[in-house]
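There are structures below to look over.
One chain, chain A, appears in both complexes that follow, with chain B as partner in the first and chain C in the second.
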Partner chain A sequence: MKKKITALLMAGALCVGMLCGCGGESGQGESPKESGQGTNPGENAGGAVDLSNIYSGELEHNVTIRVLENDTAIEQGYFQELIDAFNEKYAEYGIVAVDANMDQYSNLADDGPYGYGPDVLYQANDVLMKYVEGKHIYPIPAESLECFPQITENAWNAYQANVNGVSYYMGVPVNVQSSMLYYRKDLLPEDWETTWDKDGNKVPDMVENWNDMYRYSQEIVAKNDGHYGYMRSLYDVYFSSGFLFSYGGYVFGDNNTNADDLGFSAGNAEIGANVLLQQAALMNEGCIDDSITVSAYSRLADGTYFATMTTPDVYTLFLKELKLAYQAEGMSEEEAAALAEENLVITEVPKLPASGDLAEEDPELIPLKAMGGVNGYAISAYTKSPNACLAFVEFATGYEMMLRRNQMLGIVPARSDVADAVGGVSEIMYHNLDAGNIVVMPSIRAVEQIWTPGQTFFEDLAKDAFRPETEKKYKTLEDIKNGLAAVDTQIYDAVHTLAGTN
Partner chain B sequence: MSTRMKPNKKVKASMCLMGLGQLMYGQVGKGLLYLGVLALGIAYFVFRGGADLVGLFTLGTREMDTWLGIEGDNSVVMLLMGILAVIALLLLAAVHISNVRDARETQRIVERGGRPAAFKEDAKQLLDKKFYKTVLFLPVLGVCVFNILPIIFMIAIAFTNYGGSIVPPKLVDWVGVDNFVQITTLSQFAPTFGRILSWNLIWAVCSTALNYFAGLGLALLLNKDCVKGKVFWRSFPILAYAVPGFITMLGFKFMFSYGGPINQLITAAGHRAVGFLDIDAKWIARFIGLGVNAWVSVPSIMLLATGILSNRDMSLMEAARIDGATPWQQFRRITLPFVLFSTTPVLLGQFIGNFNNFGVFYFLRGGLYIDGYFLASDTDLLINWLYNLSISNNYYNIGAAISLVIFLITSLISLIIYTRSASYKEEDTFR
Partner chain C sequence: MKVSKIADTCVTYIILIVVCFIFFFPCLWLILASFSKSGSIYSFEGFFPSSYSLDTFRTLFTDTAMYNYPRWFRNTLFIAVMSCLVGTFLTILTAYTMSRFQFGARKTMMKTTLILGMFPSFMGMIAVYIIMTQFGLINNMWGLILIYSANAPMGYLTQKGFFDTIPSSIDEAARIDGATNFQVFTRINLPISMPIIVYTALTSFTFPWSDFILPKLLLKEKDLYTVAVGLMSLGDTEFARFAAGAVFIAVPIVILYFCLVKFMVNGMTAGAVKG
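So, the complex of A and B:
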């Protein structure tokens, strides 16, 4: 009998073990199409989808919309503030916005058709726009939104998609992300105002153009005391590709929409890559992998690095490290915080020499076209409440909430009125985007394939600065051009080789 | 020798209608039960299963368009439900066969002068002679749904065009062996496949041997009487084992990076930093991979070997010592065959695990495409290449096809090794 009980228990355990793999949130499994609420759109004579059939204009009553926000917004309390304010405003309709709380279900293409996805998504443009192909997100009547005229065309372009010959806006831009230069003001030469400010604009030359940054880095490295000037892990495609774009390179042709046309080697992109090679020569081997990226916070704080380049959203991390470094020197917390804020400067990236020669005296300067992204809101095509979702998106992209987002999260707003109101980095970056100096990440699915080939090339390029003369791979601009052409080939292969089966 | 019994009309009735024979024998409970199962099966196929079976062949005919409110077919769900319908059909057939067997058994009993078993007696049998059926019913059902179904689903995917831009709501189609033809005829594939397969085999053999003998060596060392504080020393490998593998690998990646502690020591000593895992570090990176994998895997082998060694017949060792055998001879002639015999299946498992070891080089040196390799690096194993080619591209069909090829290679190797091992040939030796 004992044996039988044991056998039954074991069989039961086996069944339970197998059933453990099928935990589901049954409450969320209902197909959004079953209710038929506001989801009976048709096409007009031109083949365009009539958006009024999706958004009837009548708010759904007593519905819950699940919003997928980014972790920082949730952790810093912004998201709670946003949904509290929204829920209060729409309480009379019974509309409640909640945290989708579904990290694991954040791939709308996989989970949306089965009813598991969120109703509203906040993600980067390249992530959101990949959902267009399967019509997993709804087009948005952008022109009717209050924020439409306040957001620059370049930001809207990131969310523009052409479906069956008709152009639609698929998301609403919220914030802009791109590269900024971070440096320590107290590590400038004491006499910089007389020796490093040729144009007398009270801004050090080394943070205005890469040639002076190169010269200053040379001076620091020449002291041979373990300190460096500008430092950055060069393998990172996001930060390094801007140097190629500045000289005619691009990712995809036809304004980043044609995956058949790869452009990492286009124009004079090799000159931009050569700029990186020159910079690498004044760094240490940490620029080959992610060592500099990982240590930049502490190294900038302890003065080992003078400057680095990264995105503005990590400003608080640099500030925290610098404050801790000052405290370690014996300052009080208040003194350290004040001094850190004074000495840590975040500014736009320096200009490049048109010739690509960092040693050139008085070069003609061109702007660095840095890679960037535009995060925004999109509405799931599987939602039961498109009107309530649109109301949420409109609310979240209004002036008040965008300003609050900037204050709480330090993000760069995509709205010009908010950017102008807060000034500083936000204003600089907004205007850089407006001027076309931020190359927004392509919004087509093939963009997933650019990272590994690009990373391999930049790592190889950085490594070349440390190879013995006889083993160097990139001795001439032609060598670099060939390397970039290989990147184009690899991306093309990754995108197209297996596409033949489909 | 028993002669084959001719089925009577009651058995034939059961063949035609499940449970009818039993009812004719007066076994009402059992007959109704069989009839109930048949009714359930028919209801399932009428209301759902039939359409699922048809869907398995068509994989959908109407494409979904969320913007126009068209609720189309979901090919992947149709494939899955179609396979489930086939499994249901097979299970129904199995129940039907059992119904016929039961009727024949009753016929045999009756022809020998017995009486048909009552429902209660049959139910009692399920807790006695046929207890295995009671115990295995739910697990077998579970195995069908949770093990067999996904495996068949994966195999079926290899014969479709599911992946790339063809993902739901777009409709998927059957493409026969096109995926296999493509992976074998693509000119870029062959040289890379050859290079990666040869490295993969070297890696699997070396890492398995290293882990096995290092684990066995540690177990023997910590088994020696002269070692003091065995529990204390044993805890170190167990600690390493307890840390999640990917954390360990990311830790090692940091240790060997340019800014990591090892290079800091090297540069502090006045030397140039070494690119242990960078783009030029082919063999260094491979050796580091072997070492890191050993760090993660050796503790489990050590624990296994420790358990097996405790069952050693020490009188054999004593006799060997008296006969003048050296410690090496004792190890080679007694200990190793004994441990090897018990652990051959584990060794095979280790070999397969190492052959398909995705994590080591993905975490240590992922994100590189090396010259001479098609979308792969010189440390990538087949499984890493498969990931680059298929998963990161969403080509599930190609991924499934390459998985089948890897499965064939590994199962062939395992089968050959296992059937030639003492563990299989001399199963009773150490019993």
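So, the complex of A and C:
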């Protein structure tokens, strides 16, 4: 009898459990926030967002907003200066901005729904735009911001999202990231002005075009004393894909918005990949993985490498290593710092030969279209003080703070007026972005699927330079084209295989 | 005979030295790297740094603007000590109860804990995270202490095995003399169980001390980071600081071991049935 009752109870429990799954969507009774999805209070029945419902225009009083900044800004003291200035300006409202005190790569989608995320975030456009689908960030009334007309359209496009047929800006661009060439001026040949400056513009030819860089690297490597010319980890999709873009390749079609159209093999992208293959032949096997990337700081400082390519935000790291290297040679700290600043040069990336042949004499040159990103501010959809957050974003993207950010951190400002005022690298990169020579990382979710297949291909390509002749995989341009087509297929499969299952 | 004995000893020693070297070399390398003057792994000549200094250790404790090692260390020490105290207490009680008392569902509970112990702890991470958010224990070191302490009794079987080896005739003798269950536990069994208590305390301390997954999951604020999470957050160019931090993390465990090892030996001879 006991067993029968137990069996009946268990069967009943099983039925209740099964029936629980039969409810309709309307009956779930779970708010989007509870399910880990953000929600926009201004959203109407059609899904469009009325921004005035989010930003009433009236500042909240006596609130604390938590701001997630990047580590360099905190380390160099810029962030403290920013929040001090903001807090002073908004003291009458009792608004206080504080450091969110979290990892700079924190994921709002994980922390936000449970109330542990920051109110304002500073991250790269591809990271911030991942939050759009889950509605973890609020759209921003960009046109009403003072900085709007000062920021190039290409930068704003990185933060544009289309929701139910309406376009919104989901973040405010602050700085532009892309590839720059770093080289040691004191490692140039002594007679470079007579032998390596054909156009007489007082800029060494090897930092102006890849053909002369290739020739100079060949000369250095030929000495066989462990020194190299240009060095770069080629597996890195962020840096290597620019060579494909320069010859007609792209990531996604329709201006990087259509994940159905993959373009790593489009146009003559294989010519760009072949340029990388030629460069790899003058490097060591460190180009296959990240060995060169992580060692570049000290290797450039000790003179093992003449040049490398990376983003401008790590300039201070190169400078620090070079200064230490000079100090180790017996210089005083001041002397070493001054000499390091003089000898470490950061400039725009060299131009490519239209033919893709690095050994060609007097080639027709085309600009390198490098992959780039736009870091910016976004406002969390979980904040209780959207107006105060908007005030903070407006304050932080104003002329004064952007200029100060450039001065303290060396970043390339997204504002044209600041870029023009500071000149140099900032001006070059800003105008490269404006001219379309910086291909901003796609802001759609599918971008997270491009890295692994791309990296696998570039690793394999770099390895090919070190394979015996009989084992080489990429002997012709067609072989490379096929390899790139396989990358497109892999990315397409990764994006679409599970797309219809949720 | 004598020659073969000497040869045998020599071979044994050679094998032991080689094995010691294999295990010790990575530690030695890390210790030497922590004293590297340049701070970069790429300035090494061969395996070892080209020049040495104490700068990295100085930086580790003084340059705290971005990487506050002393604070990480204090946080880790607090979590590990509290987890050790509470966890040891709970484990010993669980093991003693399972060893000395007969009660309904005892066997079922033992089997259940045995099976539950077979699942890796990180399997329940998402559930743990959600439960902790509901209790408001994210960004709270007591949340971690609670989890470590609650988990500790799951591994009571070793301790139970030890208590099983203590003859029950000692307990019976004490009871005849009028001792209560509590007195039997505290006056009779605990003093002769020092080796297992010390072992339990050491393991209860070392797991939270070096754990990475749980603190990474539950502690979002940099000020609450433990050493393991903090070291993982170091930048690419901070190798020497990483090495110094990793070397220094061994200090409390070594001190704890030397403080507690005498109890392990003393406990062995603290009590026995006198015939």
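Just so we're on the same page, the second predicted complex is superposed on the first by the 449 of 502 C-alpha atoms of A that agree within 3 Å, B and C clash if a C-alpha of one lies under 4 Å from a C-alpha of the other, contacts with A are read in each partner's own complex, and residues count from 1 in each chain.
Note that a residue touches a chain if its C-beta (ideal position, glycine included) is under 8 Å from a C-beta of that chain, and two chains touch if they have at least 3 such contacts.
Keep in mind it's a predicted model, so treat the numbers as computed, not measured.
Chemist: Would you sort A:460 into first (chain B), second (chain C), both or neither based on which partner it touches?
Modeler: first
Chemist: Go through the superposed model and pick first if A:321 touches only chain B, second if only chain C, both, or neither.
Modeler: second
Chemist: Of the partners chain B and chain C, which touch A:218 in the superposed model: first, second, both, neither?
Modeler: neither
Chemist: If you tally the residues of chain A touched by each partner, is the higher count for chain B or for chain C?
Modeler: Tallying touched residues of chain A, the top partner is B.
Chemist: Using the touch definition from the top, say if A:75 reaches chain B (first), chain C (second), both or neither.
Modeler: Second partner only, chain C.
Chemist: Examine A:116 and indicate which partner it touches, taking first as chain B and second as chain C; both and neither are also allowed.
Modeler: Second partner only, chain C.
Chemist: Given the touch rule stated above, what does A:106 touch, chain B (first), chain C (second), both, or neither?
Modeler: So A:106 only meets chain C here.
Chemist: Contacts for A:138 in the overlay, against chain B (first) and chain C (second): which applies, first, second, both or neither?
Modeler: In the superposed model, A:138 contacts chain B only, not chain C.
Chemist: Using the touch definition from the top, say if A:297 reaches chain B (first), chain C (second), both or neither.
Modeler: second
Chemist: Which residues would you name on chain A as touching chain B in one complex and chain C in the other?
Modeler: Comparing the two interfaces on chain A, one with chain B and one with chain C, the shared residues are 294-295.
Chemist: For the complex, give me every residue of chain C touching chain A.
Modeler: Touching chain A from chain C are residues 38, 40, 42-43, 51, 65-66, 133, 138-139, 220-223, 233, 235-237.
Chemist: Within the complex, which stretch of chain B touches chain A?
Modeler: The touching residues are 64-69, 71, 74, 127, 131, 134-136, 138-139, 142-143, 145-147, 161, 163-170, 175, 178-179, 182, 186, 188, 254, 257-260, 263, 272-273, 275, 277-280, 367-371, 374-375, 388-390, 392-393, 395, 397-398.
Chemist: Under the touch definition given earlier, write down the residues of chain A that touch chain C in their complex.
Modeler: Checking each residue of chain A against chain C gives 71, 74-75, 101-103, 106, 111, 114-116, 294-295, 297-299, 302, 317, 320-321, 324, 328.
Chemist: Which residues of chain A touch chain B in the complex?
Modeler: Interface residues on chain A, with respect to chain B: 4, 7-8, 10-12, 14-15, 18-19, 21-22, 33, 39-43, 49, 53-54, 109, 113, 133-136, 138-139, 284-286, 288-292, 294-295, 381-382, 445, 448-449, 451-453, 455-456, 459-460, 463, 466-467, 486, 490, 493-494, 497-502.
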